[in-house]
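Here it is: the structure, laid out below.
In order of appearance the chains are A, B, C, D and E, and numbering begins at 1 in each one.
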Amino acid sequence: MAGTELMLDLRAMMPTLFPAVYGLLLLIGVPLLRRDDQRWLWYIAVGGMLVSTLVPISLLYTGTASQGGMEMLRCDPMALWLDVMFALAGLMALLVMPTYLRRVDAYRGEVFPLMFFAVTGMSIMVATENLVLIFIGLEVLSIALYVITGMVREQQRSVEAALKYFLLGAFSTALFVYGIALVYGATARFDLVGIGSAVISGEVFGMPMLLAGLALIIVAFAFKIGAVPFHFWVPDVYQGAPTPVTAFMAAGTKAAAFGVLLRVLHAGFSGSADVSSRWVLTLSVLAVATMLIGNLLALVQDRLKRMLAYSSVAHAGYLMLGLIAPIDVGAANVLFYLLVYTFMTVGAFVVISLFEEDEEDADHLSHFSGLFQRRPLLAIAMGIFMLSLTGIPPLGGFVGKYTIFLAAVRSGHVGLAVVMGVAAVIGAAYYLKVIVAMFFRAPERSVIDNLEVPLPAAVAVALAVAGTVILGVAPSLVLGPLSQVHAGIALLP
Amino acid sequence: MTDAPSAALLLSSLLFAVGAFGVLTRRGAITILMCIEIMLNSANLALISVSRALPGNGGSGLVDGQVMALFVLAIAAAEAAVGLAIVIALFRLKGSTDIDLARLLKW
Amino acid sequence: MDLVIVIGAVAKVAVIVGLLQVSVALLTWVERRGSALIQLRRGPNRVGPFGLLQPMADGIKFFFKEDVLPPFVHKPTFIVAPAVSLFCALMAFAVIPFGGVLEVSGREIPLVIANIDAGVLLLLAASGLGVYGIILAGWASNNKYSQLGGLRASAQMISYELSLGLGVIAVLVLAGTLNLSEIVELQSRSLPFVVYLPLGFVVLLIAGFAETNRLPFDLPEAESELVAGYHTEYSSMKFSMFFMAEYINMITSAALLVTLYLGGYGVPRFIAEPLGLSGNALVVAEVVSFAAKVAFFLWVFVWVRWTLPRFRFDQLMRVGWKALIPLGFANVIWAALLTILKPEWFS
Amino acid sequence: MLPYLILIPLAPLAGFLLVGLLGSWGLLEDKWAHRIAVTFSALSFVFTLAVLTDFTGGLEKYAGGADTSYEVVVGSEHEAARFEVTYWEWLPLGKANLRGWGPEHRLTANLSFGWTFAVDALTLVMLLVVSGIGTLIHVYSIGYMAGERGYYRFFCYLNLFMAMMLTLILGANILVMFVGWEGVGLCSYLLIGFYYDQVFDKESGLTCADAGRKAFITNRIGDFGFLLGALLLIVTFGTLDFSEISAAINGASAFWYGSALLTGIGVLLFVGATGKSAQVPLYVWLPDAMAGPTPVSALIHAATMVTAGVYMLARMSALYWHAPGAMFVVAVVGCLTAVFAATMGMAQYDIKKVLAYSTVSQLGYMFLGAGVGAFVAAVFHLVTHAFFKACLFLGSGSVIARCGHSNDMRLYGGLKKWMPVTYLTFLVATLAITGFPLLSGFMSKDEILARSLFSYRGSFWLWLMGTLGAVMTSFYMFRAVWMTFHGENRSPDHVREQLKESPRVMTGVLVVLAIGAVLVGFLGVPGGVSNLLGLGDINWFEHQLHPVVAARGVVAMASDGGGHGAAAEHAATGNGDEHGAAVEVIREGMEHPALSTEWGLFGVALLVFLVGLAMASWAYGGLGQRAQRLGEILAYPRRVLHRKWFVDEVYQRLVIGPFWALSRLFDGSDRRVVDGAVNLSAAASELSGQVIKLFQTGIVRHYALWLLSGTVMVIWLMTR
Amino acid sequence: MIALGVMATMGAVQLTVFALLALLALGSALVVVLHRNPVVEGLFLVLHLLSIAGFYALLEAYFFAVVQVLIYAGAIMVLIIFVIMLLNLQPEAKGGPGLVPVFFAFVLGLALVLLLTRAGISFAPEPAMGAVASDFGTAAGMGREIFGTYFYPFELVSLALLSAMAGAILLAKRHLED
């Protein structure tokens, strides 16, 4: 390989490679440092995550269009944008991690490298169009997440969440592998380009086989994004996992899974009207169920983590509308929404993570009563996240929701858009519960009186607020560059 | 539809369903893990059997299906390791691996 | 299928299995006499000259002893376990080439039971499966000591199989083939790999001790703690099957070491060339050479057993994970470097 | 000044941030909180005035400039002057091929929405009202909120509200408007819940916080319709810019007139308006919104925010002109609301609830006006209403503050003795709202009623209902006056001992507003009134606003054409000539009735006022009480008890009875049907949530079961 | 029907082996799924895996067959059985999941089989089981693919394994302090 080619190759690999190598270095650091010294690991990890954020940004800035990793990795704008999201989610989660972990007495250095591995897995998933690599990225991500979900071994809920996540996740992995096998059997290819051209030409070794394979792949990712009826793990795992991990997982996994779905569906399976109409129908059915059931279930929760978990299910439903729109209409909107979602949902979880102190009902809504009296800025930040999740302008959530809405209407799915509207009305009710509690209730418990907001947590919250607001007021900063993102995803007419 | 690969493919779907049935009905976490292994294996069997039948280099049989199957194998090993560790952690807390007892998180 | 090949194959299997049995018998004798030598005792010396018939007497004793089947055991497993152990041990040996290609009436008969491409892997697979015999025995006995023995066996096997694998892989990297016969051929063309990979040799040797559950790695049957470990409840032929499996494993281990690192059945050039051996004579010499090398290592096994004390379990684990595996990796990297820097040595 | 339009909302926003941040860090003394807030609010008023002068000075100097971010319409006979400036691009969605239901069928549009602000006559009117009255209420609050918990919080919300409301008004496209739309909603909820822990409704035990939540969710339902309408606009026109939409519609007038699509959009947007402006059936939140502090009720729930719907309708007048069906819906809903709310206003004892229902009812009038095409009159009523309703609310606030924070009118009485300024201003405002001739309410409301009768889109029934509502308005307002200020004081002793007039900072504001309530009406003297007085056309307001909301464009209407030549002539301000003789102008104006009819209307208006006044006086004021006292005096010695009974019974049976029954009926239907429907859907969601929740058993096997059934379903769907 | 087709193309020996392996695989899988005793389940899973390896051999994927035995049966299953014995798991309590879930699971499993079979019978590659490709089933062929096209995924698998290792230590190590 000539020198320049190698450099290009490396450049394209950087977003994937950097967190991987950095994680490895951190992992070496874990046994070398005594437990008391492991806080240094945190500083190193934060620095690394910052760089992980900057790497894709700089690549976006300097222009991309290159391949790497034995031509398996694509370094296209979609991948880079998603990389930014993963690293941002990781960064914000990392910022509150030590505070949280010290409080639950589970400060373990291993979590930092595992976070980096998870970021690596996500980056791999979205940066490739080879099903093999997608599978491996997914597993790198999942395995790391299984572990850090159950990291607080002394808490039953953490371990239980890990167990549920693991069992169901492995189940869905099996489905995914079987799906890949069927698609491979039907097209003799693992790469989406090859699959796509086979789909276009119709030269497949068994159409039902291809479709069944695609169905299983869809199921596997519907599981990851938490679409109904594959959502059952979401609330349990989100509630059980250490909150910073929940934050990271909620934003990162979802973004990664949607990135993959965008690529798989639009690059691989949109060449034939028969095929694409089938998956559009399937995803529409799932989207309707997801939006409605997610919101209805969130409505009846009085634990914040659980409520946000169901809300994330609902948001997955909204995002699916962007997924089934034509790629040039939907892709940019999905990515934008994901970015906003990263900010607001991670922000919200970060705020929640400041609250947890006991195992039983740490995140109960009543803890938030009267937060405004005690911690006005924190309450306002949380209020902004909630309003953004509701879709109130001029916050990012509004822009995201509106563009998705628009995409649905533009692609002719008016019925789905109406369902989305109805669902959003239901959604308003429970997000408001939080605001009502924070602003309109007297402080009930002593939790908020001795609430600590250490500087890193404040930085994380500020970052999330800034992102949410800026993306609402000037989304063109992102939407502009994103408007051409679809060109890199779908290689087919 | 008249050869060993196809027959193995069909057998794999049967095994896949058997494994799924196990996941749906059993309570022991490790048993479920084993049922998932059956499912993964059947997926691997499907991969190998289709790759055997696909046109390859100078005859039928395409190698990259096997490569994928190998990766699946490695990943299955990793998953098993993590899964067992989680089960052990749960066992330490509850003294049992019965997943029906692990229902602190619900509703 | 060619009748000659079939007959050849059957003959090979029969001879090998028979030879292995004999060698096991012999080994027990060596072991007892050797230990006596080391401990300044006499050892068995009543049955036959130098007690040479003692193993036969033992065999007869095992054969005719009452087969006790304790009431609390899990019967099917209890019965199957020793068979699994022995079967796997025998199977592992199948891929070891113990000589060159014999020519009988114009037909070539390679002196290996199964000359397959993935020979090394099959060996590893078979030895990996061997652990089931021990685990099953431990569990089926339904007895704490046995169970602990089984547990230890499995943990130990898993741990040391890695370093075993690393020791093997380094050779594969140099040789570029998985076929053991080819590896031997390659060594006879260049030098025995122990010259290039001394570290790998050591790793494989130590891992070999561990894989065969012999001292200082005999934790699964540590009599001072676990009575007799996994085979506490076994008696008569079932016990002897374990016994045989262990010794066969020992032989396989030694054979593997010899094959991979010491030129296998190859007759050292400085011996072969002056003698001008060729054809079937050379093959015979090769078999002898192989037997001699293996015998030497078998003696090393005995020697070590009666010299070193037993590890503690945590020490055992630490040696496995923190010493052998890193060394194994270093060795593999070294092998890779060699192939890159001096590829002409191994072509 | 015009290019710096954005300063108008930014000023209070800065105030909000300043007060909010400093306050939350505990660095702000109370007096500095209100000083900052009032300053920034006043600043935006000053900016508004500057913009006003700049605007009236002519836009020529900006036209044709190099700066592409401006868009200037200098203004002509046919086109309203307008100044538009884009600050930055907000949502660039790129080129889009839209299906386009328009005349071109396919539409390639560059979908891009900017932070664009625009000024025209309508905007200016609204700006003046909002920043002017807003500032006054800021001042008033200094007195009213003195010593309250969360003082700085109140002012910071108030400033935020101002910023948002001004954004709403200034926004040149629906999205920017929607920002303000939601923003004011948010502030409204925050302020409704200001006394979050107080129970405001003893019957249901709901707290103020619940009231805020109810308001929020009810509004979300409306917003959903609004957003859908906006979406349809995008898909249809490829833009959300008000002026561009209007131009597109007017440009293909014949195509669009009466199209189902426009009707749909109009109705959907109106759904949004019903939420924000508290129309049937989404008005349920407004009475509950009285849980907030009284200045909030005055500013947000009377003078400004709730009128956003009316403003929006006026903004989209081009669309509504072309969608007669939608206009009809607007008119009917407005009319129904006007009557419905008025009946409920009659039965309330809570003074703020009376005013709240009154507000709903008055908003109904505005929509009635808009619905019959009297956009100018509707906006005019909006302006006058802002003055007198603010005055009324603030007056009631003054009373409430002095009467131990009790809203119950049964605990008032005879307050005029203690609070003369409050009394007088309240009375003036009452006279204004009830339509005392020549006061502002008379001018605007009677213009609406007249239009509803004579406009081409009006009808006798609308007018009749409206008039009926006016009677009730008169009744419940005077009832409130009598119960509060006349008769004997019924307050608890400790309250009575401390009764006194409110501080000057409050009464001063009341006086200013009362003067406004008297004078502002003369800006827009209706044609009928000026005719009667022989003054000619002196309707300044109409002249200013008409170009903005006038009907433009022509349409072929063979089916119901003919007969309205005069109207066609009157309204021929559009580009009608191009379409030749076979077309008819959208009928905008009303036929000017004969002078005798005008007199008749005048008489009816006066009669309405008097009937209400008489009934209220009879029941609660002088007459009723006098009768009662008479009875008491005469009863025992003279045994003329039956006479007293007779009086009471006549009153009960003939006057109060039916009204009360009606009121109760509506009140009941409010609680049970409308409110009930809202609550029911909430309960249904809650219930279904609770039921679905049961599937989440916490047992992994069950999850796997669902997962697999989902899988089977998906495979089936895919391979079907 | 299918069986007839299989018979038509496979040789008698092959067919017999296939049938035996299929019976073995299915039977052992059923034991795993139905038996109560975890250790027995584990052992039958080993048997199952071995029979699957037999299929691989039948399909001429010899290298993979050996790998299957080596990794799956030799390593993964040892680990699983080790943990079963470490935790000294007792047979699952009687009572089971109840008839209704079993019924649903059965129906779902059946539906899955039917759907996947429908997909599977459509599989019709051009040369049905022709002469085997030269690189199929050999270590060399796989090596070329792994270290050629699939080099990057191969490297990343190690990352998955590594994080699994770190995770297992984090979750299961007895004392975390030392």
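Just so we're on the same page, a residue touches a chain if its C-beta (ideal position, glycine included) is under 8 Å from a C-beta of that chain, and two chains touch if they have at least 3 such contacts.
The structure presented is a predicted model; accordingly, all values stated were derived computationally and were not measured.
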Any chain that touches subunit E and subunit D: A, B
Contact distance in steps, from subunit B to subunit C: 2
Greatest separation from subunit E - chain, by CA centre: D
Chain located farthest away, centre of subunit A as origin (C-alpha): C
Leading chain pair when contacts are tallied as C-beta pairs: B-E
Centrality ranking, top chain (CA atoms only): A
Distance between the centres, which are taken as Cα means, of subunit B and subunit A, whole angstrom: 26
Chain centre separation in whole Å, for subunit D relative to subunit A (CA means): 42
Centre-of-Cα separation between subunit D and subunit C, whole angstrom: 93
Rounded Å distance, subunit A centre to subunit E centre (Cα mean): 31
Interface hub residues of subunit E, defined as touching at least two other chains: 63, 67, 75, 79, 86, 97, 101, 104-105, 108-109, 112, 115-116, 118-120, 123-126, 149-150, 153, 157, 160, 163-164, 167-171
Junction residues of subunit B, two or more chains touched: 9, 16, 19-20, 23-27, 32-33, 44, 50-51, 53-55, 62, 64, 67, 71, 75, 78-79, 82, 85-87, 89, 99, 102-106
Contacts with two or more other chains, residues of subunit C listed in rising order: none
Chains that touch, pairwise: A-B, A-D, A-E, B-D, B-E, C-E, D-E
In the complex, subunit B residues that touch subunit D: 20, 23-27, 32, 99-100, 102-107
Residue ranges of subunit A touching subunit D (in the complex, touch as defined): 163-164, 167-168, 171-172, 175, 208, 211-212, 214-216, 218-219, 222-223, 228-230, 232-233, 235-236, 278-279, 281-282, 285-286, 293, 296-300, 329, 332, 376-377, 380, 387, 390, 392-394, 398-399, 402-403, 405-406, 409-410, 412, 417-418, 421-422, 424-426, 428-429, 432-433, 436, 439-442, 473-476, 479-480, 483
Residues of subunit D touching subunit B in the complex: 693-694, 696-701, 704-705, 708
Subunit A partner contacts - residues on subunit E that touch it in the complex: 115-116, 118-120, 122-126, 148-153, 156-157, 159-160, 162-164, 166-171, 176-177
Parts of subunit A lying in touch with subunit E, wherever the complex brings them together: 20, 24, 27, 30, 35, 69-70, 72-73, 108, 110-111, 113-114, 117, 120-121, 124, 130, 132-133, 136-137, 139-140, 143-144, 146-148, 150-151, 153, 162, 178, 182, 185-186, 188, 205-209, 211-213
